[in-house]
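Same chain, two partners: chain A is paired with chain B first, then with chain C.
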Partner chain A sequence: MAQKKAAKKTSAAAAVPPQLFWRREGADFLVTNDFGHYAWLKKKDFDALAAGKVGEKHPLFAGLSAKGFVRDRLDFDSLAAKWRSKNAYLNTGPGLHILVLTLKCNHKCLYCQAAAGGAGARDTDMTPATARACVDFAFKSSNPGITIEFQGGEPLLNWPALVAAVKHARSRAKAAGKELKLALVSNFSLMTEEKARFLMEHEVSVCTSLDGPADLHNKNRCFSGGNSHAVTLKWLKYFQKKNADQPAGIRVFKPSALLTVSRYSLSRHKEIIDEYVKAGLEDIFIRPLAPIGYARNLWDKIGYEAGDFAAFYLKSLDYILKLNRSGVVLKEKMASMMLDKIINSRDPGYLDARCPCGAAIGQIAYNYNGDLYTCDEGRMVGWEGDEVFKVGNVFRDSYRKVMASDATRACVVSSNLEAQPDCARCVYKPYCGVCPVYNYEVQGSLWGDMASNDRCGLFKGIFGALFARLKGPGSEALLKKWVEK
Partner chain B sequence: MKNKTISVRVSLGEYGLDAVRYAAHASSGAAHVFIKLAGSGAALVEFSPTGSVPAKKIAAAFRSELAEEKLRAAIYAANRELRDFMILKALSKEEAPVPAPQDDSGLTPEQEKELDALIAQVESEIKQEAAAGAAGDPLGITRTWEDKYGAKKSRKKN
Partner chain C sequence: MSDKVKKDGGLRLDAAVYSGEALKLAAFVFSDRVSVTLKPAKGGFEVLFKNAAPGFAPGDYLNEALNQQCRLDLAGKNSKAAGMIATKALLSAAGSARKKK
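Showing the complex of A and B:
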């Protein structure tokens, strides 16, 4: 009798799905699993799945089995491969290395998180020797592909350090046989033909900020030296033309632009997107403001609630899809990266949304003086006088010591979604990630509290919008095109 | 009035304490939550609203979350080993060390001598068979075109 009962219990346990995250959306249920698969189910089908009653005769049996939702039909090799592909970053060290060449800047943007000093500020330039030491440190990473991003302040205000870093990095890459990508994030106001030529000859891609039409851009990005919007567009066009022409012996990348959404942007999604199309850009990265650094002081003027951004984002997404239908090529970058995970089970290299987050183990920020931080946001917290995210210094600390530093470990542990009580149960967990720096700045702890966390609310809004649109056949096809490779 | 603290009694026989804790987390954005044991078989969960959401609504959301949490706990408990196995499988494949080329064959010197002699014998047999084979191929069927007719010649007329 006892044996019979035990057998019955085992059989019941075996019937439930091997893993299931879910969220009710109206009359339907969105279900996901850690392999990155998802499905939309009617309530009766969800109940059947949860009760382990999706048998071979069930109409959804084949589909759910293939996606790893049916326990006794698991394709171990295929599912493990999916998981591995989606979490490929776990096997490599930091790939993104952000060199802050100077804290000086000739702009005074309303939302600047970079804690920039004026163009005349002293002692905040990275020396060429420090730049080379930073490059050497970056090449200690176990990652076979290294991306070095030059930031500031305005990095073009420290041209000698940029040249030193670029040349040294190219030579190190050749010797080490590593793949190297170099990227410059600049407001273009100090760009010249000579500098542009050097960047193109050394295959440095360029990225700038474009906040929309001239009045909005210039309101957000104050530039006492002239018209920031006009300068931005002039050099965007320049690099686009060079990309189209591809001068002999040089590989020129398409330039890209970032949009930062301030309160002034919220009512102008169409104009902003039209401006990107007009500028010949094929990607738009709609990024919310974070109340970190200078932006925190002005939050009551330029900030907004997560719900406001979510509404802006959804309107923008739908407008982009509408433009796509009329033949305009434009993708939203955050959506593209999320979709790459959802549709292709691929790691798009989005360090802000992965588990654990990219702090130190995915990226390192190098301050002008060689100090190392978990990320650029962590460096900004340091600039405010709190060194909680400092992981070392290029001259004093070994790579091993940095990777095993207290700050690195604390960020890894606190951004492990398995250990976050809300995230571990969230339907978006297979694709999401938390930010310990945001949590620390906004909620006072690395762990934060997701139930009241605006970043979490915002990500949920974005995921919700994407999954809702993946449900509609028309928009699903368009979104899938965004991540076709 | 709407911000008054409200208590919900939960039977620990029906829901585990973990399920109670996780369900309570979902309400932590709207209320301070305090969980205490109420005797041996129950927990008392107190909600003190921190914002405009009424306590009754928070308690209702907690009860709904609790039911879902029970299902989550059941699925998790039934699959823990399977899930661990899958993740380990995914991780281990990548990390499996590539077998290093071995410096020696692992044979003793005597065995190596024996093997060398065997290889020499086999090679000698192959040579003999090849020679015999060639003799037994008067039409040259096993020979290549070039062996038979030489390299391609120019067709250019003089």
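Showing the complex of A and C:
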């Protein structure tokens, strides 16, 4: 009905297509629009669309007009609803609150970005009082649901602050009526039955790092106190069993793991994925390295070009889909989040691919001393002596002051794709986002220069792999299953 | 006037391609690698480089100047949409202000 009305009003207008983004891939053209719709077109169909010659008798007319690609058939109500759903984060404040409980760590990972000190380092532990103040600050967020994530360093090296923050957050959530999720990111090396019980009783989900088979994991994640890989697997199994059993009165979440891809990983995608399957994990989050923090100093040893990662990602995606076909349940997390936008027009809460990015307005990083940063990467830049991404302090600054700080506003403006050359016309713009911290660290300005930006190349590689697989009916069905509502 | 490399290693740039604003913004981006001096010249600008860090190439500065120029040109076209998105994001994050009674 709405389509017919729109058609009447604009029938006299020239039939040129509304704004769309496109990219040629071999003989075909991928077209997308701001509403998040996409279509693969043959050259003759693309030419017809560009020339405004997709009329009612054209075989693709119905499909393209329903997706908002035909000017005199725009259903504004439906398209606007799609845009709103995909960009729902524009209506809320920071949902992710990262508490850095300590900078101490008992691992020395090759790619560590966390600016971690040794396990014996002093004066970098968050006090329980500061932890409670951070929780209070997080509850000032305008977001109706918040996630508090405990990180480090190794957060289990500061157990008293973790306990204080968890208990305080649970009691604040009851009083405030906010939805609260608690999450711990740990290497598990200091996990005990007692700590695990406390975490499960307070519904704290756990996430760890698993970089693949033992030799690769232990090469990336050096642990002088023992075998990091063995400890990781031991506790993954423990939490998986508890999740399966669901002890009375306790809700235990499935544990999850993160994969950080170093140069050593590039030739071993099958072994890495097999390790995840063997460990009983149903998700794998294939994350690229960024030349930030400790990794920057070792970039010539462990780093790689965007194209190398894209090739690794593509091989991994194909291998996961192959496993899916044989009945193995496994999803790649970054792909799932992107697909959620592409297929469901839904905001998956992925802060790295938003417009504007999630810096401060989507997440806040709380340093051990109560200093606030746009994100954890921004905190690492601060640790290196440049406080450009510092937005305040929990004891000194109000929530509104932090949201209006110079760094917050600069990040919002500079990560707005509407104002980014290249991005503003990119076919992947409806689903993508830029990172001002990466741009600042690697290219010297918050805006960066996308033509020579490796992160941009990396995202283009990931989107390219996903859209190529969405073209094939077999893989399309499997990928759609990953994000079924 | 086309872009020219001067004998002193500086550049003469055409105002039809680069605005002074873009050249200044690019100079800020390179401020930790080279000292850039801009001077108005007939039909454009003279750019002088001093105290360049090893590896600095004037071409990199020009790429950045073009990037900044594209950004400024784009802002002229998209500033309304960009402004609405940024304003919405910042106001939503700040939450509603309590009205004074």
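Everything below uses one rule, namely that the second predicted complex is superposed on the first by the 471 of 485 C-alpha atoms of A that agree within 3 Å, B and C clash if a C-alpha of one lies under 4 Å from a C-alpha of the other, contacts with A are read in each partner's own complex, and residues count from 1 in each chain.
By definition in this document, a residue touches a chain if its C-beta (ideal position, glycine included) is under 8 Å from a C-beta of that chain, and two chains touch if they have at least 3 such contacts.
None of these values were measured; they are calculated from a predicted model.
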Touching partner for A:Val437 - first (chain B), second (chain C), both, neither: neither
Comparing the two partners chain B and chain C, which touches a greater set of residues in chain A: C
Partner chain in contact with A:Thr408 - chain B first, chain C second, else both or neither: second
Which superposed partner A:Leu470 touches (first chain B, second chain C, both, neither): neither
Chain B versus chain C as contact partner of A:Ala419, first or second or both or neither: second
Which superposed partner A:Ala451 touches (first chain B, second chain C, both, neither): both
Which of chain B and chain C A:Asn91 touches, first, second, both or neither: both
Partner chain in contact with A:Leu20 - chain B first, chain C second, else both or neither: first
Which superposed partner A:Leu351 touches (first chain B, second chain C, both, neither): neither
First (chain B), second (chain C), both or neither touched by A:Trp83: first
Overlap of chain C and chain B interfaces on chain A (superposed complexes): 90-91, 421, 449, 451-452
Chain B - residues contacting chain A, complex: 21-22, 25-30, 69, 71-72, 74-75, 77-79, 82-83, 86-87, 89-91, 93-95
For the chain A and chain C complex, residues of the former touching the latter: 90-94, 140-142, 355-356, 360-362, 399-400, 403-404, 408-409, 412-413, 416, 418-421, 424, 443-445, 447, 449, 451-452
Chain A contact footprint on chain C (complex, rising order): 28-30, 32-33, 63-64, 67-68, 70-71, 74-75, 78-79, 81-82, 85-86, 88-90, 92-97
Contact set on chain A toward chain B in their complex: 13-14, 16-20, 34, 50, 71, 74, 76, 79-81, 83-84, 87, 90-91, 421-422, 425, 449, 451-453
